[in-house]
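Shared between the two complexes below is chain A, which pairs with chain B and chain C, respectively.
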Partner chain A sequence: MSSSAPSVAEPISISRIGGRYLIFDIDVVTHLRRAHRICGTPVGTLPRAPQQNVFSGLPMELMPEEACLLVETGVAYIMDDLTWHKENFPVAGHRRSEYLEEVHLIGLRASRAQENALQSRKQTALAKQAAAGARAASLKHIDTADADDEDTISMFHTDRSSSRASSTPTSGSAWAVTPTISYSTSPSQHDSKSQADVSVPSSYPLFVYLHMKGYYMWPGLRFGCDYNVYPGDPMRFHAHFDAVSFDWEEEIDMMHLVGGGRLGTRVKKAFLIGGKDEDKLEEENPVRTFSIEWGGM
Partner chain B sequence: MASNEHSEHSAVLASPKQPHKSNMNHRQRMDQLYSLPAPLRTFPLPTFIPHNPLSLLYLAYVWISQTLNAPSSNPSPLHQGWWSPETRSIHITDDRSVLALWEQGFYGKGTLSRSEPNWVDREKKRLGAEKGATQSTAEENTLQRRRIRQETKWERARKERNVIDQTRLSEAALEAASFSAAAATMPENVPEICTYSDSSLPASDLEDIAVLVSKASQNPPVGPLELLALPNSLIDLATSLCSGMGLDLSVLPTRNSKSSVCPAPVGPIELLSLPNSAGELLAAQTQMTGHDKSFRAATSSIGLLLGLEVKIVHGTLHITDAEAKVDNAQAKDMQELEYEISNRSVSTVETVQGSSPPETAASMYEHPATPMIKHQKSVRFSPTIEKTTFLPSEPASLGLATSTKAEEEPLAIVNREHFQLTAQESFFLTFALGVLEVLDLVTKNAIPIKELFEIFRRHSSFPPMSTASTSPDDEFMTNYVVYHHFRSLGWCVRGGAKFSCDYMLYQRGPPFTHAEFALLIIPSYTDAYWSKDALLQNYVNRKQARSWTWFHCLNRVITMAKKTLVLVYVDIPKPLSVTEENSMGLDKIFGRYKVREFTVKRWSRDRER
Partner chain C sequence: MKFDTHSLPPASAIQDVLDATKSTLKDSPHEPHFLHLAEIVKHNLQFQHDWTSVRIHTHSSSQLSLPRPIVSGLPPRRAYIHPEEQVEILKAEHETGKPVEQVPEQEWVLPTHWDEKWTLNRFAEMFDAIEVVPGAETSQEEDDEEEDISIGYKWRGKNRQKRVLLSTVHDDSTVVYYIMHDGLAKPRQN
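Let's turn to the complex of A and B:
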């Protein structure tokens, strides 16, 4: 499996656009999932099925916790897309003309390819038609030879050729290309100085702790918790825990425990609460977790 | 609704004019029992029949007598409850009050029951005191439902298991057939295939062997008994198997080595690193503790177990083959071990065949549960010690059944249960209906309403405040306002702690329907006073802060129980001073609050298109 996975050079760049952390490269997404247990959430519409909202595709949005963890472990760095774009995107001068030339070339190449494909298709079709015509002609020679028939054929033929002639010059020109990204995703072009600090919610220590324990996490809003905690890849396992983080000195409402426990047990998970002990920061694991299940349900 | 008799106590009992109890169906009986929606009497005038002039006379008589000598709609004497500051509730011990408050409006709950105080009934039934009692309590119904549901689940599991076994058998038969066909076509060329065709069940990889091991040693858990009979650890498995074979296991590993066999799985990594089969475990153990003597003993005992298993499936070679594919180094270890295994397996199989009737070892493995049942734990409770040693074949409780049968006289069961009212309920009964008086435990006197109000407000926070509370948003105030609001609209309001909301609304009462709505109380600080300065704004923000995850959790809990979530906003007025409040009177104080309701429903555009 590992041999088939495409090699992704670390550190990976995570684009920050409008306060969201996005990844646009499918190789990076699979790499993060396989090597770093970071799942993310697909947020893009699938081009093949644009009218639904259940299944989504690229880009992959990362939770701030995930992005922060990746940055802290040196796997990735945050790149502010807007500033990068403003600084590096050629808006004027000869770099701009170079860039436009490049875009034009891409369009030209695409249109050529299309043209070639059409040509070859036409060739094969014509060859087929010629073969069939020859057979028909030989049959016709045996029966009769009708002049009117030939006339109509030639008329249609000329008609077709003229229409083709009018379409050829447009197809010969380059296509208009709309670039989807303003820079390539390979990290070599950028220095990792463009790192920015990620603002994480207070549940971040719990996230780090559970991630360190080898769990996979998904955002848990669906189940009314901070994280859904999976023992393996979420595609293969059901979640084991609904994790909710509390501050160490925070008062926990009993009703919340009742509701969380009830919900967790109902969906065959355990309700997990955890928090970071501020007094034991120097210890290896300042986070403690407890799981709650509802009895008699 | 109305009972024609003027006697105070008639409402509880069946009036003679109504049909006899045995002729009524369940619904009619319920309607009669819970005919009054509030613990109050009403005295409607008799109907006027136009073609019967006597009815007019009767009507006039009743009207005149009621205006001259107005009957009290409150029960006489009033129901009495004791204020208990420790539990922050009102205790009621009088049977008349308990019955009346439960049946007429469903107030309060029994301390030893789910809601209706029926501990005595259950206890009587449990002790067999009431032979003829057929009506079962709500708790018993629930238990029965749960039992049936459990049985259905086990039945389903058993059926699924059967299907799996069937497919597996047919697949094995198919595979065997294809192998024998292949062997027939090329007889001498491939010797490995010949060994396959020897065995009836060709095991191609370790997983299959593992399945066979587990299948041979344990029935799949399709019932609670099988689940209990499952071994708790691999060592247990080895012990039970070996004891089932009639072997002496003096070489069983000690507790120390047991813990090091495989650590308890507390994370997914540990879970994944657990051995998948006995073979892997064996390999791991030899790698880990090659020299230790006690571990040698452990390995050999499990190796012995594995050797036996291997003998059954005739797949000794294939274990090592499969290992070699996975890991060469491990396979070397396995090969070293395999010598030991095969040597030992021969000897053990011999001993088995010597000691047991001429069955194969495999057939013995099919039923390991039969000897194991004897070793199940049973706890015996007995007031006297009849004997100190017990045979495993004896029933769990021997003396108990006979001793209860011996004393046939009816048991006098003391009612240990009392009835509890929350502060809001009792204040509604006292202040709004006037049917309850709350007594002080120390002075044994009734607490006046104004003082009761103050006590409840002080005790609404924990620990209770020492001075009188004047904050208009304490829990008692908001909750009482909501309670009073919905009670006066005719809903039966009960606590909603088990669904993690504040109150539940029943259409008529718990015996009739499930709760339809769940109320969540949110204080709303709309008054201009609360946005006066930053300090107050901070306070308000803290009081109103709710997290989305929490709200989602709550909403999911409530919709899964098929209820509708209602957000009840209580507009909090600006606080008053003590003197102002004292001069106002309770109705004026409560009149300052406003209640707004919103139902909440999660709407998902994909699901509800």
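Let's turn to the complex of A and C:
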């Protein structure tokens, strides 16, 4: 399965648009999930089902924590979308016509690919038909089977040659294409210094700690916490924890612990509290956590 | 029935317990309300949940004063079974066809009041001050003689993850108990 996955060159670019961290490339989305346990949230409307918002597609939005972690681990860099477009997007002159030509080529390639797919489907179907016809004929008249075959083949040939002519790309057959990204995700084109710091919530140390332990995190709205913590891909596992981050000296209401513990147990999870351990700052990312479950009495 | 309005009504059972601690309050390193909290939890464990050998600890095994008094005791049945141990038990029961006996273990119970505020730091201090199993310091020699390797031993006794029962007392005499593990503990699939 991994062999069929398209290779993604790191570091990848994360587009920052209006303070949100977005990824527009499906290969990158897949790669981040497979290789880095980063899930993100799809936020784009599906073109074929624009009147609903239960299922969403590209782009994928990353939590600031996810974006920051990817930048810190050198997997990604932040690309400020507005700045890039102001500086690089070809709005006029010969660069604009070059750009339009490029978009046109993409459309041409897409239409040709579609044409080829149709063609090969047709050929497979015809070959099947021919084989079936030959078999039927051979059952009836074994002697005349050769002649029948020739007929089939000649019919097949004419069909193929005519469609070949129609598949020759002309400028008129190019599809109108709207590229989802204006810059490629390949790292070579960009200066990695363009990365900017990401402002993360105070729960970031807990996020990093759990991520390093191999857990997957989703935003915690479902269970009223900071993160839902999954032991594997959230598509395959139930969450183990509802995690809430606290500062080392931040006051915690007992009612919060009881409520969280009760809710967590009810949905077969543990309520996890944790945060940066200010007494062990010499360690790398010191985080202390406590898991709470209902005692059953 | 007539009430004598000149004398107080008879004290409740818990009031008797609290009154009995009066003499010890002076020598205690803790504030009286912490000791009273521990007494209320101890009383609740003994008489509502049938716990036995319930004790109040004011000092750690290294004779340092604990951040607050903590209760230990033996529940009538296992208070916590680790999910992995449960898997092992079910497997063994399936193979042998006989139920695996569950022996209760000593548990720590941390008394708190619902109106309190805790911090991660204070929870960490409390956990750092206690042993994994209550009374482990006295029964250590017995353990050494006979290494327990029965089903699920990896999640019992001194092998278990450090835990306390977080007991929260409300003024209406409700006491709730939550199992609190030090660190990440996989949830049970109740």
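Operating definition for what follows: the second predicted complex is superposed on the first by the 212 of 297 C-alpha atoms of A that agree within 3 Å, B and C clash if a C-alpha of one lies under 4 Å from a C-alpha of the other, contacts with A are read in each partner's own complex, and residues count from 1 in each chain.
Criterion: contacts are C-beta pairs under 8 Å (C-beta built on N, C-alpha and C of every residue); 3 or more make two chains touch, one makes a residue touch a chain.
Note that the structure is predicted; figures quoted are calculated from it, not measured.
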| request: Identify the partner contact of A:D233: answer first if only chain B is touched, second if only chain C is, both if each is, neither if none is. | output: neither
| task | Applying the touch criterion given at the start, work out whether A:E115 contacts chain B, chain C, both or neither, answering first, second, both or neither. | result | neither
| In the superposed arrangement, does chain B or chain C reach more residues of chain A? | C
| field | Touched partner set for A:E72, first chain B, second chain C, both or neither | value | neither
| query | Thinking of the overlay built on chain A, is A:L272 touched by chain B (first), by chain C (second), by both, or by neither? | reply | second
| task | Quick one: classify A:F223 as touching chain B (first), chain C (second), both or neither. | result | first
| Thinking of the overlay built on chain A, is A:E102 touched by chain B (first), by chain C (second), by both, or by neither? | neither
| request: Give one of first, second, both or neither to describe whether A:L263 is in contact with chain B, with chain C, with both, or with none. | output: first
| field | First, second, both or neither for A:M255, with chain B first and chain C second | value | both
| request: Under the contact definition given at the top, report the residues of chain A touching chain B in one complex and chain C in the other. | output: 213, 231, 255, 258
| said: Going by the contact rule set out above, which residues of chain B touch chain A in the complex? | reply: 267-269, 271-272, 497-501, 548-557, 560, 605-606
| note | So, in the complex, the side of chain C touching chain A is made of residues 49, 75, 79, 112-121, 123-124, 127, 165-166, 168, 176-190
| In the complex of these two chains, what residues of chain A are touching chain C? | 213, 231, 240-241, 246-255, 257-258, 261, 264-265, 268-270, 272-275, 277-279, 288-297
| query | Touching chain B in the complex: which residues of chain A? | reply | 52-54, 213-215, 220-226, 231-232, 244, 255-256, 258-260, 262-263, 266
